[in-house]
Amino acid sequence: MRVPYWNIKYGFIIDLLAIPVIAIFIYGIYKHWKNIKNGKERIKIKNIPADIPKIGPIYTRPFVILGILGARLYRKLFTGIAHGFLFWGMFLLAIGTLLVFSNVILGIPVFKGFFNKFFMGFLLDLAGFLAIIGIVFFIVRRKFFPPERLTAIKERKDFLIGEGILAFILITGFLLEGTRISLTGPDPGSFIGNCISAIIGKPGLGVYKFLWWLHGLAALSFIAYIPFSPFVHIVLAPANTGLSTPLPGVKMGVVDIDIEEIEEEEEEELVLGVEKLKDFSWKRLLDFSTCLWCGRCHEVCPAALTGKELSPKRVIVTLAELVKNEKFEDSIFESIPSSVIYSCTTCAACLEACPVSINQPKAILRMRQNLLMEKSEIPEIMGRAYKSLENRGHPFFGTGFGKKDWCKGIDVPLFKKNETEYLLWIGCSIAYEERTQAIGRAMVNILKKAGISFGVLPEIRCTGDPAKQMGSEFLFTELAKENIELLNSLGVKKIITLCPHCYTSFVQYYPELGGEYEVIPHVVMIKRLIDSGAISVKQQSGKKTKITYHDPCYLGRHNRIFDEPREIISIMGELVEMKRNREFSFCCGGGGGNYWSEEEGTRINRERAREAFETGAEIITTSCPFCVLMLTDGLKGFTQEKKVFEISELVEENLIE
Amino acid sequence: MNIVVCAKVVPDYEVPASDFELVNGRAHERFTRVIGLYDENAIEVGVQLKEKHNGNLTIVSYGREDDIPVLRKAIAMGGDKMILVIGQSDDPYVIAENLKMAIEKVGDVDIVLAGRQSADMDRGVVPGILAAMLGYTFVPQVTKIESLNGEWKVTQVTEKGVREIKGKGKALFSITDDPSNVPRIPPVRRILAAKKMPVEKLEEVKPTSMAVEELSVEIPKMEIKCEFLPTEDLKETARMLLKKLKEERYL
Amino acid sequence: MKTLIVEIVDPARLGELYTVSKFFGETPDLVALGKGEVPGGFGKVYQTEEILGANIIEPLADLIKSEGYEAIIFSSSTEGNSIASPLASLLSIPILPEVIGIEEGPVIKKPLYGGKAIATYKIETTPFIITVRRNCFEKEELKGKSETVPLETKDKKLELLAEREEKVEGIPLEEAQVVVTGGRGLGSADGFKMLKELADLLNGAVGASRGAVDEGWAPPQIQVGQTGKIVAPNVYFAIGVSGASQHLAGITNAKCVVGINIDEEANIFKRAKFGIVEDYKKVVPALIEVLKEEKV
């Protein structure tokens, strides 16, 4: 039977040393906490459903699934498995050590019988073995074959130190076990220890004692080292995921700057966006401290993949270093140029990819807010769109179309108070761009065919989304409040949107400003109409047309609507998926105000158009007018044929009379 | 240094021709009201001058009281004060006389700036008339101004290139656009400050208008019908095209 | 009416103003600005080396008063714009700028709202001043040479330090009265050489659509469209240009669009006044040949 501290005089010193080690550990965590505390209060997001399970401030589901189980890691299978081996291996070994303590201090009989054989013997050996596999994977990969995402921008080389210590602990642990077993006889269940013992023969007691102290001190020093190393993610990662608001999208919240009521003193304190580190909320600072520089965000970022200077990894890593060096008063823009910040299309692929729930787009947008609202810095063409939005209520400067041109030739009912059921919200892109006017007309015809009671506003209005994306919360709130006042005065209850950007504004931001409506994206409405039999779409039989679907970022990732368009497509043809689809969809490049920009490097829309084209599908479809415009433009590099159609156009064409 | 910029609020100049409508010879009231395009360039030049010389910038306008919210954008760009003379005349002499009155209220003004042409009347004569009324030297189509101790150097854009012109004393410049005077987007703080700034309102004076009668204002017919030319004999087609272009005075 | 033209020594501009003066009956007198030989056809001709407006206004005002001129004509040019309006104020007389048409009366037409409307005015007294838009009237051919009398100018308010002509590979796009734009339909960078030849023959500038710039066939400085230059020429040749709305946004105020495209469904034909559905490689050489013939 195994005897803890067998033949180790003064073994209890290890126990005593645990106290200062734990103190150092706590101090290390405290230092992080102190840094993070420099941030501001979080903006309260009011429309979080009340029934999401919570313990205090921690949301339990993401805490367990993302934080503890590390579910997202498994998207890269080998990394996930290796990490699982390492983490759960160490976890079990830690429990094992605690049980040893409990045996020493409280006399709990863990070294007896089946429990000893199965848990203390077999399972812990297995745990250690798998942990070694894990750590060797990580060390060898990082040192000799690092994937690009790890080395891009900057590499977190100090991982190797901690990994080295861990490997050392594990190896000395097994050597120690083997030595002990050689000296005391085979241990039931400890299949590896027994093996090692057979290999090393019979070393002297001195070797055993040396290894014992070596292993113990190494383990203790590792524990003390954790908060000062990347391994602090053991604590920070579950905390960060548990504290993240469990809503889809970027969760910008709303900044209500009420001009009439703002006081002199308030105006002085008002910080628009983020200039210095301390202007971020503490949650963002926690985000930066948690970041492991894994680069999964970098390898999905459309800007980074097309040669721009922007990479979410670059932004977060830079900010993380600023936090670590406690540079809370320096201007961030000295380290991150504004061109980088404006390349972001807010597609949120980075947010989706991050295993530890960092909200990169929110950090970038907060910086953008400062650039635009405080410094009036904005790229030229985006600036023109912004000024147009400010002056004439829509960003499409230079449009050759008036407000009624989109519906020339068709009869569109007006929304009447107390009579009409649905408001069909015609957004700016439907009204002022020729290609997308067809979407508006198609939807009008579909709704008429279905006999739905709907109407439009007499004036084209913008929800304000472009302002929010470009960084002006001020203009967004102004436009939103005007819209809400109008909609409420008309008694609007249900809104059908044609554009996912409009949809996001209504659903994620308007409720906090007093605009609560039932909002349905047009693609979902079409599905409902088909399901209820209000309209019928020709079902293809025999050889089906191949149709591929591009998930718009603002419908898919930001609002988790993936299925309805696919179901509609499957009626009309054969759905062919692109490699990057659903929540992993690749942005068309039009978001973040970048519809109005001159891009460097390869155009993002061309990259996505190529992906769509290479599926060989006859039709490329999507459910966002900006995506239609960007993909149509991008496709020109590959074919002169018109292949890009919006879902409503396809449905209208295939309606059965 | 005391600087005045004259700004005019006009109907949106980006309304496309296909959507344009007239009521009683003037643009329909439904079009968004904006500050004239060149006026914004003038304000930008004024703000740059004010910042360089630690001066004072007043925005002066002749127009409607309803347009004050639009004019606040001019203040947000960098104006210290705003004077609005309330009136609706289109006559350039009337407008100039009223602007002069407002400028005299400001006091000892060194430089007056204006956009080179308004976006509604397409004339560009008010600045010159105003300059003569004030007795100030007039230079149109200016993009950049350098000033030192009452002497100044301006860059003027001509049909063929640029001129550097030197002068001294009180002057009025009409401003045209240039990469150096792209109107700035005012920071939110300035927008908030501008919303609270009081606007001095003056009653207009009514001097005699020009002896000119406006007979009509019409929208020319928009020919959207494309005339497709035959393609059998391309040289003949080329001749036909050039002839038509000359006949209709395009070439 | 006793007419006075004030203009720089440029036969084209003088020719146009001469045509305008015919509406007023009498042979016009001329104040010629700047150096150079003044063509014939005028009555009394004064000349001054001054071209900066502020330096000439007072002597001009004196001249007009003493000689009793009734119609004073300028072009809507830098010189015209510098002189006409302060001069009008000094004399307290009506001024109508940017004239594009004249009839009996005198009744004149001028644009409003960026050219979206045309206003017609009747001038009720003399003397009056008009400034005339370029390229709206025939250029009278002026033969011979005029004897000139110097116009005395007194104190100079302005001094010309330097004058630079900007030759940006031809006429700057935004000033050009004729623009020849190539799009993706050109198929290659070589197409632009052909367009340059055409543009040169028409005294125009070459533009490019975004498609052509993307392909690397033209520099972004000559891109016409929403994210490029906004142009308003008299004639806009859109060659191999599909006519996407961002491109059309750059030419909302182009007076006459000529579309040359092999695709008859191309959107450009919705905006064009004249269309030729044919490969540009056949059409443009024909145009060039005809233009060369006419020059001879």
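All chains are identified by letter, namely A, B and C, in their written order; residue positions are counted from 1 within each chain.
Please note the rule applied: a contact is a pair of C-beta atoms (placed from the backbone, for glycine too) under 8 Å apart; a residue touches a chain by one contact, two chains touch by 3 or more.
For clarity, every value in this text was computed on a predicted model and none was experimentally measured.
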{"item": "Chain contact graph, described as a line, ring, star, complete graph or other shape", "value": "complete"}
{"item": "Between A-B and A-C, the pair with more C-beta contacts", "value": "A-B"}
{"item": "For subunit B paired with subunit C, centre-to-centre distance based on mean C-alpha positions, whole Å", "value": "20"}
{"item": "Chain centre separation (subunit A, subunit C; CA means) in Å", "value": "57"}
{"item": "Whole-Å separation of chain centres (CA-atom averages), subunit A against subunit B", "value": "48"}
{"item": "For subunit B, residues that touch 2 or more chains besides their own", "value": "15-16"}
{"item": "Overlap residues in subunit A, where contacts from two or more other chains coincide", "value": "397-401"}
{"item": "Set of subunit C residues in contact with two or more other chains", "value": "252"}
{"item": "Touching residues on subunit B, where the partner in the complex is subunit A", "value": "12, 14-16, 18-19, 32, 34, 73, 182, 184-189, 191-192, 195"}
{"item": "Touching residues on subunit A, where the partner in the complex is subunit B", "value": "257, 259, 262, 267, 270, 272, 372-376, 378, 380, 383, 386-388, 391-393, 397-405, 472, 474"}
{"item": "Complex contacts: residues of subunit B adjacent to subunit C", "value": "11, 13, 15-17, 20, 22, 25, 27, 92-93, 96, 116, 119-133, 137-141, 153, 156-167, 174, 210-220, 223-224, 226-229, 231, 234-235, 237-239, 241-242, 244-245, 248-251"}
{"item": "Footprint of subunit B on subunit C - complex, ascending", "value": "52-54, 57, 77-78, 81-82, 84-90, 94-98, 107, 110-125, 135-136, 157-166, 175, 178, 202, 234-235, 252-253, 255-256, 258-259, 269-278, 282-283, 286-287, 289-291, 294"}
{"item": "Residues on subunit C engaged by subunit A in the complex (per definition of touch)", "value": "184, 211, 214, 220, 226-227, 230, 244-246, 248-250, 252, 267"}
